[in-house]
Amino acid sequence: MSTLLTTRPPDRGWRLFVRTIVARAYPRLIGQQREKVWIFFETFLPFLATVGYIYVYRAIQAPEDYIGFVVMGGAMTAFWLNVIWAMASQLYWEKESGNLALYIMAPNSLMAILLGMALGGMLATCLRALVITVLGTLLFGISFAVSSYFQLFAVFVLTMAALYGLGMLLASLFLLWGREAWQIATALQEPVYFISGFYFPVKSFGFAVALAASVLPLTLGMDAMRQLVFASGPSLGFLSVEIEIAILSMLAVVFIAAAKFWLDFMERKAIEEGTLTDRRR
Amino acid sequence: MFKTFSRSFFPAAWLGWQIESNWTDPFLFLAFSIAKPIASVLILVFMYNAVSQAGSDSPVYSYIYLGNAFYIYVTEVMAGASFSILDDRERYRSLKYIYIAPVSIPIYLFGRAVARFTTGTIAVVITLAAGVLFFGVPFNPLGVDWPMFFAALALGIVCLAFMGILIGTWTLIIRTEPWFIGEATAAALYLFSGAVFPLSILPAWLQPIGFLLPMTYWLELLRRALLGPGAAAFPTLSAFSNAELFGILMLITIGFSIVALIAYRYFDRRAREEGMIDAQSNF
Amino acid sequence: MSDQPAIKTENLGRIYKIRGAKRGEARQRVALADVNLEVPRGELFGLLGPNGAGKTTLIKILTTLLAPSTGRAFVAGYDVARQPQEVRPRINMVSGGESSGYGLLTVRENLWMFGQFYGLDTKTTYARIDELLQIVGLADRARTKTSDLSTGLRQKMNIVRGFLTDPEVIFLDEPTLGLDVGASRDIRHFVRRWMDDRPSRTVLLTTHYMVEADELCDRVAIINNGRVLACDSPANLKRRLQREAIFKLEVSPLRNGALAAFEQLPGVRKVVHSPQDGRSELDLILEADEALGNVVTALNTHGAHILNLQKREPTLEDVFVDLVGMSMTEAEKAGEQELMGG
């Protein structure tokens, strides 16, 4: 065992933090792409579901921009599904499979583990969302009229930061639950598609309800992106893009900070109560 | 034969009900049962209202509303059968024990599907009640052809269960994480089944898929039973009589039952060859 | 901190609250009580006890996964409850019967990932992985997906994961649980070799396999119902029974009540009865050889015939029986019944 005796000291501090993020993102980016079945389940089937909504608009003779709204909503469902299934319920799943105890016992930060999961999941999902967008655009001849690429990029990045911040917060909350986690994750699907206006402009809710729905990052994220890429977007927008960018920035900070707070709290509580390695199937 | 059926079906239906219902108190269970279906129907109501000026009196509105409400069964029953394989194998790690017991796996899956039918019924009833009370869906209980309604419902559920078994047996050989494979398949088939828009809207080359799916005929029968002549929102299936629709649905059900059993034999053999019965993916 | 003992506990205790306890039922369960241990660096220390004795609870506390209810615990000189950030870089753990990592990653990738969590640079990580995989005989499976590994191979990977970070103190919680004889032996050899190569490292091993404790450990603590009953080297523990005579008897099946009668005989300290197929096995701890005569007479009285009689050296199992008054299997059953009865 010669190598074991001659090594440089392991990294600590921010270097360890970065190493942990990269290492935890790795299974998401590399491992999950190995089973090609994802192309079918995570791209083709959601795409067909999206097309279903497109034809509803066709059946009621909606203006063509609405078709574009649906395609964008369909692409964004990939992110929401990733957040609830691969972020929110993931720590619970890690607990069940025995990994969580190993993560906590290691000198890294759990926050870095969550950030790694988020980063890996987000990048892997970008690919899925891109496929849905490209297919939808080509098949249904959607025309874009982008008013500001810079703002579009800012909105997307901020939406992702806030969304995955929310995912990290949910992940630590889900640790509280046992097998309920599954039901809760399932129940978070359609209600969020509805409240965040995945398939119709959120302006239809009226000001108060739309404002309340804006707590979910995808609500304002999609509203702003629709305003920025479709010709009729601005007339159907809820708030101005600038205000939406400001709110999204706040949401990102609040969710990530809340995630850190909750995660520390949950770790402490779990260590005190001994529920960390307790399996409740 | 009967013994195999009873020891496969009843424990599975009981287990499925327990898993679906006893994770929380009845109040929360009800809240979750309502949230999902109501949200999915509200998406359509808002889409309709954002664009159409016709309001809830239009037959198109009832067509969309009822199609969506009953489609809940499709998701529930198909997911009920398919999800249980993964759930038992990966989460409860009990699939291997069920496998070596003297039960029939397809009948076991059928039992799990029926359990989801029960929880699905709660969602469907709530959605329909909300439609009548709050969203202006026209409904007259005295005008409903109840025998036809229940006959169509039962036949359709059996057919859906066979489709669920088909997907469920497929998941025997899937190693990755398709937790929502049943749901995703149901959502994808939504496109072809004329649930919320008529098949004639689809491009001509996609329409045959819709005509091969049982949901197309099943939903039409349910709409006709509930609304009578008011069901005729789109002319796509108007050429078929009720008896013809029943006949087609019956034939498709028999077809799926055969396909499901053949698929089970095939995937079962492959799963055992590949050692997937007690596999643990730890994704 | 290198002059501090590797592990030290002071009156350590842990109480679990019982969720959903009904009126009249116990609301808490004592998993550990007043545990005082000191393990110097360089020792391979064993915790021996039946399932439910408190071994895993102790390991969880020492690995910072569980907070103690009373007392304190130190690993590598640091308080596990107050300074977990100091403890964690210095330890690692391997639990038997558990998998780690992700099925879709290969053995090498999973191990690399865990190495990163400890801040190891990639070059060192891969060098160590390759070396350790070679030692445990898993080198040819380095690029196999973990989901394709058998239980035994998965546990070998788990062992490599634990040793990969070259911990000052490593906790092995039933590392050979559920493994076949060959795989268990490989793992025991590996642990012994690692200790021989790295004299300053410490291993805390829990097991309910007596042979494992006897073969591997420098010292052993015998634990039951959350309490440490004895702590010494296996040889010294067995020496406690040197004045006693230990016999193993195979007799024709015993009738009800016979066993109770044997325990009352003069000179008989403990009798452990294990019914076998068509016969009974008795392990006798006697004060002296002479007491055997009483047992033989009593067997005749109860109509039992001796099929085989053997005098043997004391084992750690005998030490356990002597301390607890029952065998490990019986202690496990008693613990389960106590839990069920609230």
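Chains here go by letter, A, B and C, matching the order in which they are written, and residues are numbered from 1 within each.
Just so we're on the same page, a residue touches a chain if its C-beta (ideal position, glycine included) is under 8 Å from a C-beta of that chain, and two chains touch if they have at least 3 such contacts.
Bear in mind that the values here come from a model prediction, so they are computed numbers and not experimental data.
Trainee: Hey, which chain is the most central one here, using CA centres?
Mentor: That would be chain A.
Trainee: With centres defined as the mean of C-alpha atoms, identify the chain lying farthest from chain C.
Mentor: Most distant chain from chain C: B.
Trainee: Return the distance between the CA-based centres of chain B and chain C, expressed in whole Å.
Mentor: Averaging C-alpha atoms per chain gives centres 51 Å apart.
Trainee: Counting in whole Å, what is the centre-to-centre distance of chain A and chain C, each centre being its mean C-alpha position?
Mentor: Here chain A and chain C have centroids separated by 44 Å.
Trainee: Using CA atom averages as chain centres, what separation in Å is found between chain A and chain B?
Mentor: 28
Trainee: Using the touch definition from the top, which residues of chain A touch two or more other chains?
Mentor: In chain A, residues 31-32, 35, 97 touch at least two other chains, as defined above.
Trainee: Residues touching two or more other chains, restricted to chain C: which are they?
Mentor: 99, 101-102, 104
Trainee: Quick check on chain B: which residues sit in contact with 2+ other chains?
Mentor: Only 175-176, 282-283 qualify.
Trainee: Taking the complex as given, what residues does chain C use to touch chain A?
Mentor: Against chain A, the touching part of chain C is residues 14, 16-17, 57, 60, 63-67, 85, 88-89, 91-93, 95, 98-102, 104-105, 109, 112-114, 116-121, 124, 127-128, 131-132, 135, 145, 161, 165-166, 193-194, 197-198.
Trainee: Using the touch definition from the top, list the residues of chain B that touch chain A in their complex.
Mentor: That would be residues 23-24, 32, 35-37, 39-40, 42-44, 46-52, 60, 64, 91-92, 174-181, 184-185, 187-191, 195-198, 201-202, 282-283 of chain B.
Trainee: Going by the contact rule set out above, which residues of chain A touch chain C in the complex?
Mentor: Listed in rising order, the residues of chain A that touch chain C are 1-5, 7-8, 10-12, 15-16, 19-20, 22-24, 26-27, 30-32, 34-35, 97-99, 101-108, 113, 271-274, 276-277.
Trainee: Tell me, which parts of chain A touch chain B in their complex?
Mentor: Residues 31-32, 35, 37-38, 41, 44-46, 48-49, 51-53, 55-63, 66, 81, 85, 96-97, 179-180, 182-184, 186-187, 189-195, 198-201, 204-205, 281.
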